[in-house]
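Next up, some structures in structure tokens.
Each of the two complexes below includes subunit A, the first together with subunit B, the second together with subunit C.
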Partner chain A sequence: MSNTIQHNTNKVITAEHLTKKFGHFTAVDDISFEVERGEIFGFLGANGAGKTTAMRMLCGLSIPTSGKGFVAGYDIGSQTELVKRNIGYMSQKFSLYDDLKVWENIELFGGIYGMNDAEIKVKTDELMKVLNFENERDKRVGSLPLGFKQKLAFSVSIFHSPQVVFLDEPTGGVDPITRRQFWELIYDATSKGITVFVTTHYMDEAEYCNRVSIMVDGKIEALDSPKNLKTQFNATSMEEVFQQLARKSTRKAD
Partner chain B sequence: MKQLLSFVQKEFHHILRDKTTMMILLLMPIIQIILFGFAITTEVKNTQVAVLAPTNDEATQRITDKINASAYFDVVDRIHNTNEILPIFRDAKAKLVVVFEDHFAEKLRHTGTAHIQLIADATDPNAATSFSFYANNIIMDYQKELMAQKTNPYQIRPEIKMLYNPQMLGAFNFVPGVLGMIMILICAMMTSISIVREKEKGTMEILLVSPMKPIYIILSKITPYFVLSCVNFATIMLLSVYVLKVPIAGSFLSLVAVSLLYIFVSLSLGLLVSTLTDSQQAAMLISGMGLMIPVMLLSGMIFPIENMPVPLQWVSNIIPAKWYISAVKTIMIKGLGISAVLKEVSVLILMSLVLIGISLKKFKIRLE
Partner chain C sequence: MIKYLLRKEFKQILRNPFLPKMIFIFPFMVLMVFPWAASYEIKSLNLCVIDNDHSTFSQQMIQKVISSNYFKLTDVSSNYNQALKSVEKNQSDMILEIPVDFEKNLSNGLGAKVMVSANAVNGMKGGIGMTYLVSIIADYNVGIIQKLLPGGAGDNSYSTIQTDTLYQFNPHLNYRVFMVPALLVMLLTMLCGFLPAIAIVFEKELGTMEQINVSPVPKTTFILAKLIPFWTIGFIVITIGFIIAWLVYGLIPAGHFYTIYFFAAIYILIVSGLGIVISNYASTLQQAMFIVFFFVLIFIMLSGLYTPIDSMPEWAKWVAAFNPLKYFMDVMRSVYLKGSNTLQMTKQLGALLSFAVVFNTWAVLSYRKKN
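Right, the complex of A and B next:
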């Protein structure tokens, strides 16, 4: 891997004029931003604003129409394989295998990311302790409550110690207490140096992020820390900031 | 390699834990063989016959006895009046009524001509044709007996020999047919459903973001169904040889080789279906309606292709099962070698190349 482009070691994600067009429709319109190592970066926007498309480009699932992007030091256009090795991903649809046991899911994804058996075993034991899941280890994932599943899905997505983890609306459908617990796991991950890139609908969650970007109609309209954004828009909460910006949207939600 | 192994293991877990589906997949060939072998049969056996002989004499008695003695017929009723014929059919007491004319033996002796009428229930035309043909033969037979007594110098005795299947057993036709259908069902339908299920549940996205190569995903999806198909192939072979007594006349190795090729074609078809659909239901409908029914109707499994209208005969050429069934018949029943089925084999190879080409390309485009 001597020929890899180390774009900037402190910047884990760099987007430079990223654009994605589907025919005449511009889903993502010339966005640029940077995410620092160990940061929690909130990626906000109404439905259809282009969040998911932007995230898919950064994960190497979709090729940008124009512009450049670097994730974990690799070019998302030409080094997708290396990008994929160094990221984790958790989708909005809960996505572990219901008919596999808890430990089998962990083992499967460990195996997919090329971890060896010994490493998988040690880390599984450790994870079961941290999550207080020792009794659930042999249960099938389908029998667990949603909050458990989400914590497990997140833990699986960072099991191979990626540099960045992308979370696509990870906490949909659970109560505030479970959401709070989930965020503790996120903080825990950043303390290990994992950068978190998260999209969300919940504005209370936006407050937990170090920095937040708000997308409207494919463009980034605001990007700063929650505190600075509230001052800038003269608002008391992120909810208000979001409402002011989202009102400008001309695009219909999908 | 570790990637692939973990993934194949996962696929086996999916199948082994879904006990209902697995039982269906393993029992289906057995049930179909038994159904086709013993219940759904086109052979005519023990057809019920009623006899109307206004004058009961030695000739009518002799013919009736001969009919009754034949394995094809059972004389269940004797009636005495033409008014009784229709009620017999209406109440389904008999499928065939043999009507002798008045003073049958007398007329035969004096004028040399006497009439018999065979009235058949033709609601099932194939069966009616078969059993009235058998009844006709029995009567001809009696006629020959009479002639033999009169020492007629000219006699033509046609002798018909049924090659490859001397007893005319239906099993010789449907064993290859069931093979062709089961493979399509398991390989194409189950493979497509299992790929589409990952799309539906959102796990496909996770796999695509992972460094897992798409070809690995495909390979590991295919492997368990390949194993299942081999198990089913063995089941059908054992049942056909030991229960239905259909021997494998040709080389077993050639048979296995052709079957592996067909399994490959079916798997590529399943892959293609999975790239075309986004829901398990759609995949099941396309496989069920689009593959199963054409296989049953157009492959020659049930209806002979030669009897179809020409356009349908053309359509039947794109059904892989048609070529497979024809190859299996040639090897298994006729006992010929692989050189006799070169045409079938080349068509199947061509089909698999085209199908796998299209589906791999489509599968990749989906990732973009």
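Right, the complex of A and C next:
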């Protein structure tokens, strides 16, 4: 596509005054930020702060009421299909097919993103080795433990080498060891140049991010590296920073 | 791209522990059980007789009624009140009361009256039973007249009108001949319309739909991949239906199979379009099931499957005019019984094509990948 708006090649995500209203309720209230290529961008906020809504807008699942956004160089309002071609997405809900085998899920999603059989096969072999999944290859996904599933879901979401991957609370309900492994996978992805946009409720995970934004009642209240945020709020951990900001919330958590 | 989605759909259907069995059991059940069970032919109605005459004539008439095989003599009462009790206890369905001097009056040419009453709690049963009984008695009446006037002796005042009836296309008024083609339509409606609707809503509930929505899969591709397996199943099932109709009921369409397949293809488009409309509006299985239930009831009741549309009130006829089931049932029955061809059914063809356009346009317009 030659006529695409390339805002700034180093900015993979740009949000300009993004707003989403549902009737009288403003779920996302005028947020602006930029995410650099290869960055791990943490998107924090209490339940109901508007994280998922903001993320859905950036993925082209939800149309902004006002404001603009660009993901991978494409307008999220008018070029949603191009945006979708260049992103990966892992939702809060586990969303691979339980009744398909591990390799069949990979094949399906690879195929959906336009990869051909040969490409899929080579990359699947590679992935099974990396994940140490060779014995699980022919198992149905439904029979795998949650930790396995989450790692697989993440690997499937970046299987087509997108520019950005959006992770919506990817480690919910997963044990600490698996979470650790999961973050290794995330680092691995960034080393390949994939930008990671992640929401989480675990403050130790927030520390792993390059930069973190904290949303309160639909607005971004703070945005900086974890280190700078701790200095700014005179706190010893991200947990404290989050507590100080989230307390300001007047919106009822869902 | 659709190749991968189709692989997924076929694998999922075949791996479903329930669906493949249902796809085969359902047509068997519907075609083997329904036509026998859902019949208007009423046999062995329980009859209570009050014979106040105890004459040869009254005995003959009762014999004639019983020997028709439609009635079973369950009770002989001495008076009407007693007979009514037997009806109240559900031991009898109908009462036949023969008055005193029945034989005497008949022989004297004065004419006689018998009283027939039926339990109409089940209106259909009562009505049909009444018709049977009255026609048997009328038949007996003709016999009596001829017996009392041997030779007729040129006296035309007693001559009776003989009616010869001929039921076109279904000479024996076989209920099954009439039901089987219509039941095939029902099968297609369920399998190609409502099953995919439920399959799509199921993916919404699981959350896998969201994963598809963030991918570059065009909506038409996704829907097509959902429908093609069910279309395949639809054609398999209708073919199984043809075989069952032939083996079990000896039914072979008087018209051509390809006329049926042609109309079936259009019909499948209609119902799957409707199915997608349902799945677009329902966000949970519960909602989808309820909408399906709503449509199934209306479609069946106003399709002419059980009760002819011509006997419905004017407003119901209007509702039925918007029921695609009605038109396809018409087509099926016409092809099976009359051997109609496409040219003779342009009205139905037009109606079905319009439905196909309307439902599928609606389906595409109401499908949202984003909100």
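Please note the rule applied: the second predicted complex is superposed on the first by the 254 of 254 C-alpha atoms of A that agree within 3 Å, B and C clash if a C-alpha of one lies under 4 Å from a C-alpha of the other, contacts with A are read in each partner's own complex, and residues count from 1 in each chain.
The criterion applied here is as follows: a contact is a pair of C-beta atoms (placed from the backbone, for glycine too) under 8 Å apart; a residue touches a chain by one contact, two chains touch by 3 or more.
Computed from a prediction, not measured in an experiment: that's the story for all the values here.
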Message: Quick check on the subunit A-based superposition: subunit B and subunit C, clash or fit?
response: clash
- prompt: So, A:130: does it touch subunit B (first), subunit C (second), both, or neither?
  reply: neither
Task: Pick one for A:61: touches subunit B only (first), subunit C only (second), both, or neither.
output: both
Task: Please work out whether A:109 is in contact with subunit B alone, subunit C alone, both, or neither, and reply first, second, both or neither.
output: both
Query: Who does A:122 touch here: subunit B (first), subunit C (second), both, or neither?
result: neither
Task: Using the superposition on chain A described above, determine whether A:84 touches subunit B (first), subunit C (second), both, or neither.
output: both
Field: Shared subunit A surface residues [contacts with subunit B and with subunit C]
entry: 59-63, 81, 84-85, 87, 89, 91, 93-97, 99-100, 104, 107-114
Complex interface listing, subunit A residues touching subunit B: 59-63, 81, 84-85, 87, 89-100, 104, 107-114, 116, 166
- prompt: Can you list the residues on subunit B that touch subunit A in the complex?
  reply: 2-3, 5-7, 9-10, 13-14, 17-18, 201-203, 205-212, 367-368
Residues of subunit A defined as touching subunit C within the complex: 59-63, 80-81, 84-85, 87, 89, 91, 93-97, 99-100, 104, 107-114
Query: Can you name the residues of subunit C that touch subunit A in the complex?
result: 1, 3-5, 7-8, 11-12, 15-16, 206-208, 210-218, 369-371
